[in-house]
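Would you mind keeping the following structure in view while I ask a few things?
Note that the chains are named A, B, C, D and E in the order they appear, and that numbering of residues resets to 1 at the start of each chain.
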Amino acid sequence: MNWSWFHRLAAPKSFYYFSKRWEVFFLCFGALLLIVGVVWGLAFAPQDYLQGNSFRIIYIHVPAAIVAQGFYVAMGVAAFIQIVWRMKLAPVAVQAFAPVGALMAALALITGSIWGRPTWGTWWEWDARITSVLILFIMYLGIIAIHNTYNDRKLSDKLSAVVALVGLINLPIIKYSVDWWNTLHQPATFSLTEKPKMPVEMWLPLLFTVIGLYLVSIGIAFIRMQTYILEREKKTRWVESEMTNDF
Amino acid sequence: MTYFSVLQAECRLALRRKQDIANSLLFFVVVIMLFPIGVSASPSFLAPASSGIIWCAACLASMLALDGIFREDLSDGSIDQWRINGLMVAFVVLGKVLIRWVTFIVPLLVLVPFCGFALSLPPSLMLDTIFSLLVGTPTLFLLAAIGASVTATLRNGAVLMILIVVPLYLPVLIFSTGYVKASDLGVPGNGQIALLLAFLLVTLVLSPFFCSVSLKASAE
Amino acid sequence: MMLLSVERLEIERDDRVLFSPITFDLLKGEIIKITGENGAGKSSILRAILGFLSISDGSIRYLGGHSKASYAEFLKEVLYIGHTTGVKDSLTVRENLTLLNGPLRDDQLIKVVNRLQLQDCLEQLCRQLSAGQKKRVALASLWLTTSSIWVLDEPIASLDSSGQSIVEGALLDHLKEGGAVIMTTHQALTIPHYKEIIVR
Amino acid sequence: MTYFSVLQAECRLALRRKQDIANSLLFFVVVIMLFPIGVSASPSFLAPASSGIIWCAACLASMLALDGIFREDLSDGSIDQWRINGLMVAFVVLGKVLIRWVTFIVPLLVLVPFCGFALSLPPSLMLDTIFSLLVGTPTLFLLAAIGASVTATLRNGAVLMILIVVPLYLPVLIFSTGYVKASDLGVPGNGQIALLLAFLLVTLVLSPFFCSVSLKASAE
Amino acid sequence: MMLLSVERLEIERDDRVLFSPITFDLLKGEIIKITGENGAGKSSILRAILGFLSISDGSIRYLGGHSKASYAEFLKEVLYIGHTTGVKDSLTVRENLTLLNGPLRDDQLIKVVNRLQLQDCLEQLCRQLSAGQKKRVALASLWLTTSSIWVLDEPIASLDSSGQSIVEGALLDHLKEGGAVIMTTHQALTIPHYKEIIVR
């Protein structure tokens, strides 16, 4: 297989232009899917026979939880690439993905809590999935904390890559152990582990919102990456001409 | 400078800094003491919680014990000297962590029975608790070492370190307390012990490597 | 023999290029003195040569080669004493000497300790030494090492005049035995021949 | 160098270390997380224990928040400079502790409600817990400062000091959790609050003095 | 005027008397240079004079008096720069200067920073400075202080030659204005008149 396209894309400069071209697509198409999914889910999907209308928060909650996990994996892979191949784009990705992922994890936690109030009667339950999202959130915060603590960028890149990679290796272990822990000691008050048998008109909008939120998050991450690339490459000629073109 | 001379010096420092060892153990005792005093001292409340409390305290104390394990090496240039003398940073790290663990676990095991009494730990679980500590704490130390290496340039990096390390601690905490609870129910906890050993193996290989990456970066 | 050959070396810190490109070779039996103003980048050059700091441009060849193996070969022959010296504050002088130089015979130890006038504080913690005494503990390696390439960052700063002349004596002896030295200093050297490289 | 410039620099350092502040709060959260996971996650266990757990975590977090507060001042010669410039070490200490406390307590108070939810703290006790933290933590900080000043160089006597400081922590812990429990039972807890305030007054006077003595001794 | 009069001063560390008794006076407009080997006890003498270290024998009179008040009076007039300088690694150069010297006018700051060639790293953290640059940050006090008695422990160690001459210039200016200096150093001074005290 020919990898030259990959190497070309992995150069900060060409990625900058690539992402600049595609961010609009990601943001707009993602937003479109999101809106369609949400409107469909909120206005047209049938009521849940158990939970009534409160279940509709699922159209934000589940996508957020899924994107939060997906972004951590992406970030961990970028960290791996950075440590092994020292690609210049990788630390940019780690730095940019962390806050977006943290945001999504926070969104999942908040919407989950809001949902928990009417269904369980409490804001919080030490359920396996909930706990693992909380841990995910804390791991994101750890990486953000490293970037904020060190003002030497080279150092903070290296260190956050180490932490992200360790986290990636541990993620399945954490997930597994939390699942195991919860099912042994505390039979879940409300089981999240079984796939709800949804009718398709509930399930399809969910798929829309998941894909939509993914695309929007990627778009946001791209924008962040562009700023970081400009900052890191500010001494190069192409950035200088880019800046003079803009202003 | 050889592996031997470095680890010999490390042992000497460990003996010289009896104080530091005493501190992290005192911390352990303090955490355990705070709990009955701050929450509730009734045996019916404490007994089922006791091994969990001991484990929580061990987690916190192990982080404290490793905080700053590399800080001095970095600021006095020792890490440069290891590399100049052809020592693999990863192996030195492993040796240092091992020494810390030994100086930590031995007195801890002496303390645990007393803490167990204080927390009304059922006597039948004493041995299981000790055994779980023996198997689980090396992994905690290796994980904490990663956190310590990432925060080695920070003057007070203890807190950041804890933030990084605790999510990694949870599986160990879950399975070792799970083991004790299984014994309490009379179920054999072989599965948990096997898992704990598997964790140990994984961290044994990975942690020194990660530590060496971040220490080298910090020494630039 | 060419121990080290530095070509058009540039170093960046915080996106700032420190000095204009530097080219030099280090041969056996040679002493190179790097001078320059405070903050010019002398210490950084030494650390880059040792591979502790990444370089932003130019190349460094070790023992005539570019490979990892020749770098490792080179590193084996190096003694480095930087601004931070690897001396542990909470160990005694004797313990530090064995830490830094491996196990020592008693006569070796006594000889070097006498030469450096550390005999009175052999069992004292290094935390309790004066600035110059601490430096001397690190410098003891000059007599105890078998390495042939010495990389010294301001070895004579905060030494008294007798300390300076002892160190310069060690350098001369080392050169006679075919060793090589690359060092920085702000003070004048009394050594007859050395190559001076000015960083700016 | 004036009181103003020292405390201004201290504020700057505090702001520069926003992350540090965030971290010690995260530490607080993380400790609180350990308990449900390590001990038991059932609300029937957590609810009665929750305010106690929050207080235990606050004790530990306060110790860590002050760990190393003087270490840098000692090693970089700042303490010499205070004295040369005619500043009373005790007052500088007081200012530093105060700044640390403010940067600690404000975000803590924001966090406590969430931790309360997570631990199933009865909502009626939320305000009481917060109030007890407000009154009790300054004393903890002043006490921890003594420990920090003694361990700033780690000369002998540190064990002694920790052994002295921890028993001093206990009354604070006892009376503040006692206050919350009293409110739970519907009894007014004025007595406990009065005692907490009395402790605060005593430590406010004594702690800076002790700190200054041991810092001066360490700087010899 | 007699600022300081030291009589038969002795200092013990770890039950060892460091040097044979020392006697000297410090007058206005005078510079005293303390010399001696590494570990002779020069830094200890300075710290004893400032009252940071207890003395084991002899006496120190401040401003002609023995009382606590005259000591406090004396301390108010002192500027001290020791081996450790009070420069904070996690503050920038500018912030360190305001910390050490109180609030500064911009023109004052610019002037001293230009003189010490720190203009390029004004906003850099001191952790990231070279050894000599960090020393320069501490030495900036020489131009910004109003104190008349300067106590300097190896002020020119690890400075480059331009740095040394700047510092010596500051010392001369200070003497002309009627100040007094007591300092240690291992390097030769180019200043014309000074009193030398040898510790051994």
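Quick note on the criterion: contacts are C-beta pairs under 8 Å (C-beta built on N, C-alpha and C of every residue); 3 or more make two chains touch, one makes a residue touch a chain.
Chain-to-protein mapping (UniProt): A = Heme exporter protein C; B, D = Heme exporter protein B; C, E = Heme exporter protein CcmA.
Just so it is clear, the structure is predicted and the values come from calculations on it, not from any experiment.
S.K.: Tell me which of D-E and A-D has more C-beta pairs in contact.
M.R.: Contact tally favours D-E.
S.K.: Rounded to the nearest 5 degrees, what is the angle of the rotation relating the C-alpha atoms of subunit B to those of subunit D?
M.R.: Value: 180 degrees, nearest 5.
S.K.: Which one of the chains is farthest from subunit E, going by Cα centres?
M.R.: Most remote chain from subunit E, centroid-wise, comes out as A.
S.K.: Indicate the whole-number Å distance between the mean C-alpha point of subunit B and the mean C-alpha point of subunit E.
M.R.: Each chain reduced to its C-alpha mean, subunit B and subunit E end up 46 Å apart.
S.K.: Please tell me the distance, in whole Å, between the geometric centres of subunit B and subunit D computed from their C-alpha atoms.
M.R.: 24
S.K.: Calculate how many whole Å lie between the centre of subunit B and the centre of subunit C, each centre taken as the average of the chain's C-alpha atoms.
M.R.: Once rounded, the distance between the two centres reads 37 Å.
S.K.: Going by the touch rule set out above, which residues of subunit B reach two or more other chains?
M.R.: Where subunit B meets two or more other chains at a single residue, that happens at 17, 155, 160, 163, 166, 170, 174, 220.
S.K.: Residue numbers in subunit A touching 2 or more other chains?
M.R.: 138, 141, 145, 149, 152, 181, 185, in rising order.
S.K.: Please set out, as single numbers or ranges, the residues of subunit E touching at least two other chains.
M.R.: 83, 89-90, 128
S.K.: Quick one: in the complex, what on subunit D touches subunit E?
M.R.: Against subunit E, subunit D makes touches at 1-2, 4-6, 8-9, 12-13, 16-17, 72, 75-78, 80-81, 83-84, 86, 216, 219-220.
S.K.: Within their complex, state which residues of subunit B touch subunit D.
M.R.: Subunit B reaches subunit D through residues 17, 19-20, 22-23, 26, 30-31, 33-35, 37-40, 45, 48-49, 52-53, 55-56, 59-60, 155-156, 158-160, 162-163, 166, 169-170, 173-174, 177.
S.K.: Inside the complex, what are the residues of subunit A that reach subunit D?
M.R.: Per the touch definition, subunit A meets subunit D at residues 113, 122-124, 126, 131, 134, 138, 141, 145, 148-149, 181-182, 185-186.
S.K.: Please name which positions on subunit E make contact with subunit C in the complex.
M.R.: 13-14, 16, 36-43, 83, 117, 121, 124, 128-133, 135-136, 154, 157-163, 186-187
S.K.: Across the complex, what residues on subunit E touch subunit D?
M.R.: Residue list for subunit E touching subunit D: 47, 50-54, 72, 75-76, 78-80, 82-91, 95, 98-103.
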